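Same chain, two partners: subunit A is paired with subunit B first, then with subunit C.
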Partner chain A sequence: MDNHDSNEVVSEQNASADVKSEKKLVKESKNKVNRLKKNKPKKTKSSNHTGGVMGIWDDDHKILIAAKKAKTFGFKKLDAITPFPVHGMEEALEIKRSWIPYVTFIMGVVGCAAGVWLTWWTSAVDWPINVGGKPMWSLPAFMPIIFEVTILFAAHSSVLALIVACGLPKINPPVVDPDLTSHKFGLFVPENDEGFSFERVEKIFKDLGAEKIHRVERY
Partner chain B sequence: MSHDHPVHVPAPGEFKPSQNLKTICAVFMFLGILALVFGAFSQPARIWLSTLTSFYYFMSISIVSLFFISLQYITHAGWVVNVRRVFESMTNFIPIGFVVAIVIALLGGSHLYHWMDAEHVAHDAILTHKKAYLNVPFFIIRTVIFFVGWMLFKKVIVGWSVKQDESKDESITLKLIPKSVMFIIFFALSFSLFSVDFVMSLEPHWFSTIFGVYGLSAGLQAGLAFAIILTVFLMKKGLLKGLVNENHLHDLGKYLFGFTVFWAYIAFSQFMLIWYANLPEETIFYQHRMEGAWAQVGLFLILFKFIVPFLALLTRKAKRSPYFLVAVSVLVLVMHYVDLYFIIYPNIFKTSVPFSLWEILIFVGFLGAFLGSCLSFLSKNPLVPVGDPRIKESTSHHVTY
Partner chain C sequence: MSDIKRKLLVRGDKSFKDVSDDICNLVERMPGFKWVGGFLGAKSLFLFYLTVIGIIVTTGMGLMGVNHPVGWGTDIVTFVFWVGIGHAGTLISAVLFLFRQKWRTSIARSAEAMTVFAVMTAGIFPIIHTGRPWLAYWLFPYANQRGPLWVNFRSPLLWDVFAISTYATVSIVFWYIGMVPDLATLRDRSKNVWRKHIYGALSLGWRGSAKSWTHYEMVYLLLAGLSTPLVLSVHSIVSFDFAVSQLPGWHTTIFPPYFVAGAIFSGFAMVITLMTIMRIAYPKFKDYITLDHMELMNKVIMTTGMMVGYAYASEFFIAWYSGSKYEVYAFSNRAFGPYWWSYWIMVTCNVFIPQVFWFKRFRRSIPVMFVVSIFVNIGMWFERYVITVTSLHRDFLPSNWGMFKMTFYDFGVLIGSFGMFLTLFLLYTRLVPAVAIAEVKPVLHVGKEEEATHG
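Presenting the complex of A and B:
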């Protein structure tokens, strides 16, 4: 029993040593980042990387109310960053529906036509082969191929459309608040939005009950 | 988090079917019975085919509803709770179906199934070999086992849900999960064999291993369509205010859309394998369905049971507008009849396509019985399972886009 206890003590000590070294590492990396920031030449603005103000709330119910109210101040590009889908957020932010389904549908129709053409041209025109005495171009036999080509076109175009719609790839976006991926909820107004000024947005967020407000230089 | 904030669950309205509705159901049933009695003497083969078609039509809708409910218990689905009573009401037809099944087996069997004719079987080598399965006593024993099993499971799955309204016992919801699993296993076997016995054995030389799934896919599509119509009917009466909204319809619409595609997939799978292999004992089924007037019925089926509902239900807006959804559902229900008609009738009517009052009156009779059983369930029980622990989740159900 004693043996066991002493073992535990040792492991605890090890653990605390681990934590210490980890803290040290974090400190070092922070210093590094700070150094980099200081050395960095003055920020050049690009449309992809815009600064702005982010308010942080601790409850999805509160942020939904805040989002609805913030929208009344006339922001066009107000956005929410939440760790999970918050029901009603799309309506609160008046986000339009995605145009990706239309791409999927149109490319599905194109794919279907392509499948029909492929099977017809290869099996009945360019190299006709008699299979079991069936007609050269027999629709039931080619249906699986036509179906697969339809899905191929529709699915791949959807992914491509998604990449375009989301402006991907976004390499290394800044971490505004690490809790945003676990239990905190953020509202963000970019600096190129109508009626934006750092002071005004900060005041609005403060009035709406944000527990923290970050100025974001690059997002 | 959101569940910290109380969700207000309003009490559902009480459904009192109007006297007119009750009269209509009774008159429908009376007309159906009248047609059956007269038809049984004047043209027995046709009237029993018609009875079988309508019987299988409503049995598939009703038993598949029980399957749908089980599926939701197993998957811990919360959104479905507020519309579950509609599905539960549709299972109320099973005992009536039992009576009809016995009547068909005892009285109509000799007109429908030529494997019941001993003399015919003796001259038919294939049927002689199939005698071990296809014989009258075993057929009736199987029918009784299926229906008794279904009624027992209905008593548990629907009965406990009704009990929960009073007791508010949350453990019932969890206890129903293993029962639902058991039912789905029993259902898979029983419904397949039920379809084989009552429909496939009309042409006893022919066989398709996918036939049970075909019946399931068609039944699910039609069952969802019927549930949507009933739900919208109750909504428009204002009985589900604050409980069921377009978000629930949206999900039911997605299911309808999904099973429309599933039906087409299964129907095509069955057809393509038979068409491609080109074996005489299998192709015979499609041979007289691809010639003359039946070929047109087949094309009609592809167009209106798959292509039109598929395109109609593609958009989000379509699935969220009650009347549009009802219109598509009515089309699906009509096409479910055409589908079964196309499967059942050509077994005896190989070249002609007979459709007249004999089909309509029998269908109307079954419709009266089915509606009557649904409405009586809905009038006796709360329209929403008020004791279900997931009712709050269902009440605040919201479909994101």
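Presenting the complex of A and C:
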């Protein structure tokens, strides 16, 4: 329970122009709440955002080691925030392979079918016109169109799937530490994880060499 | 110890923070006089371009050089030129990604930006060429009240509409998705509230959680995998515009690979042109876009230049081997007919001049590569000029022969299009990170271990 007040970091709510004063206010009010509740984690109104503890490391190798070791303490819902993809993090945090390729494949097939249907229906069914004596249903001539439509569907639906998978766009996402998109690497244990207590996680992170430890209200 | 040593991809022993600072700094500080001067110049040229287009559209296509028998002129030549330029960006961002070429990271963003802007610039030309741009939507198959009379899917020109529009939208999305984490970096660095809001919106609220990165990397790989056949298909289809016709000089099966090689060739030359200028304008970028990067690109230029040279030679051989006198005439007319000068400008710029890159000294010399890249750009414009004009101006019947003369308006749209391209590119360098921050950071260590052991 050592001086967590100084480590108190508050999600920034930057909607208003004078960010600084608002930040200060929020910080004070939250300090108060914490003292009152004796460090019981406070639920925010939005159930999507849980609190927890985040440890910050300054190198991708260090956070990878920390993540692997933290996993041995039995946490199930570990998450990391990094400025770039850290390789090995998927294995360390046991994140499943992305499901997006299935979307790409299915939409590619749909696009291909759409291309076939479009060229066939317009050229051979709806308004068949004899062009240079070629057959109405002249598949070789339609291949470029079918191919392009396939790619069009597959590429754009993959991107849409990414947006869905990552929950984008996020309006005013909580920023635990602005350096996390630049040169710091954060490992996070949410308060609803197995075996979570602020003290325990803080101690684990400290032992794992975190350079900073934040108590996060809204993640 | 192997003798092959990896070169440092980023010079100057940067920390992660240095990378963010160096690259974001360009966006965060006020533009200098050089940029403002360049921008005003480019913008004036852009306005001139718009004026010329305006006059052409309101007066009519008669202002341009196209007429019988040369019905495809500057518009089509310059369209193919710009589309070709765009291909290098996709090659760098997609094909080199699939081949795990880590050196692509520091040039990928700008090359992709070049792709997007080049395709946008290219897209204007067929629309001018239609003569009635307000009816350009007829190119798309939409339910109309004329039957509905559908577009002709057997026409290569329509394939082109589909190829270019797919390519343009996929390139834009690929570029943007690649940029999202960097826009989040800019958002989190910004002190100014407006800046924070704008970059916050553009970054879609990206946070960089481990799960998001898993999906993100997967989508990046998928888009690279989809863009690779796409980019090859696009220039193949552009070449079909010519190759599917019956005209001697156009009706050849070598066109798709020949066009794709030419596109990569011209695109890399444009990347070199832009990167040399960028390195001079922002000296910090010399640590990211190093001479090693430039040398590798020059090797690509020389290789593809020789492929194009092979294609030129092969066309002549096949024309002779075909035994068709029209084919033979089309090619001898190309090299020794009234447009001999355009043919020899093309060969000189594309085949002979890039040979200087056999020498390491020249491959690593910024002034030499800049000059060569300009020559290649000129040569590749002439390549399309040669293909289009010399084939059309003398076909089967001598009574159907004629000449093509470029007018002021032809030159206007050609030169003006550079104004559009440069305006967009200059704005880009100031508004978004011009080097992919999140992609450069993971390769910072590349070459460091070897450097340590080899001393």
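Throughout what follows, the second predicted complex is superposed on the first by the 173 of 219 C-alpha atoms of A that agree within 3 Å, B and C clash if a C-alpha of one lies under 4 Å from a C-alpha of the other, contacts with A are read in each partner's own complex, and residues count from 1 in each chain.
The rule is simple: a contact is a pair of C-beta atoms (placed from the backbone, for glycine too) under 8 Å apart; a residue touches a chain by one contact, two chains touch by 3 or more.
Please read these numbers as outputs of a predicted model, since none were measured by experiment.
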item: Partners on subunit A (subunit B, subunit C) - clash or fit; value: clash
item: Of subunit C and subunit B, partner touching more subunit A residues; value: C
item: Partner chain(s) touched by A:191 [first = subunit B, second = subunit C, both, neither]; value: neither
item: Touching partner for A:141 - first (subunit B), second (subunit C), both, neither; value: both
item: Subunit B versus subunit C as contact partner of A:85, first or second or both or neither; value: both
item: First (subunit B), second (subunit C), both or neither touched by A:168; value: second
item: Segment of subunit B intruding into subunit C (one of 39-47, 57-65, 93-101 or 183-191); value: 183-191
item: Residues on subunit A lying within both footprints (that of subunit B and that of subunit C); value: 60, 85, 87, 90, 97-98, 132, 141, 144
item: For the subunit A and subunit B complex, residues of the former touching the latter; value: 59-61, 85, 87-88, 90, 97-98, 105, 132, 140-141, 143-144
item: Of subunit A, residues touching subunit C in the complex; value: 14, 17, 19, 60, 79-87, 89-90, 93, 95, 97-98, 100-101, 104, 118-119, 122-123, 126-127, 129, 131-132, 134, 138, 141-142, 144-145, 147-149, 151-152, 154-156, 158-159, 161-163, 165-166, 168-173, 175, 178-183
item: Residue ranges of subunit C in contact with subunit A within the complex; value: 15-17, 19-20, 141, 147-154, 156, 158-159, 162-163, 166, 169-170, 173-174, 177, 181, 184-185, 187-189, 193, 196-197, 200-201, 204-219, 222-223, 226-227, 229-230, 233, 237, 240, 437-439, 441-442
item: Of subunit B, residues touching subunit A in the complex; value: 1-2, 4-5, 268, 271-272, 275-276, 278, 314, 316, 396, 398, 400-401
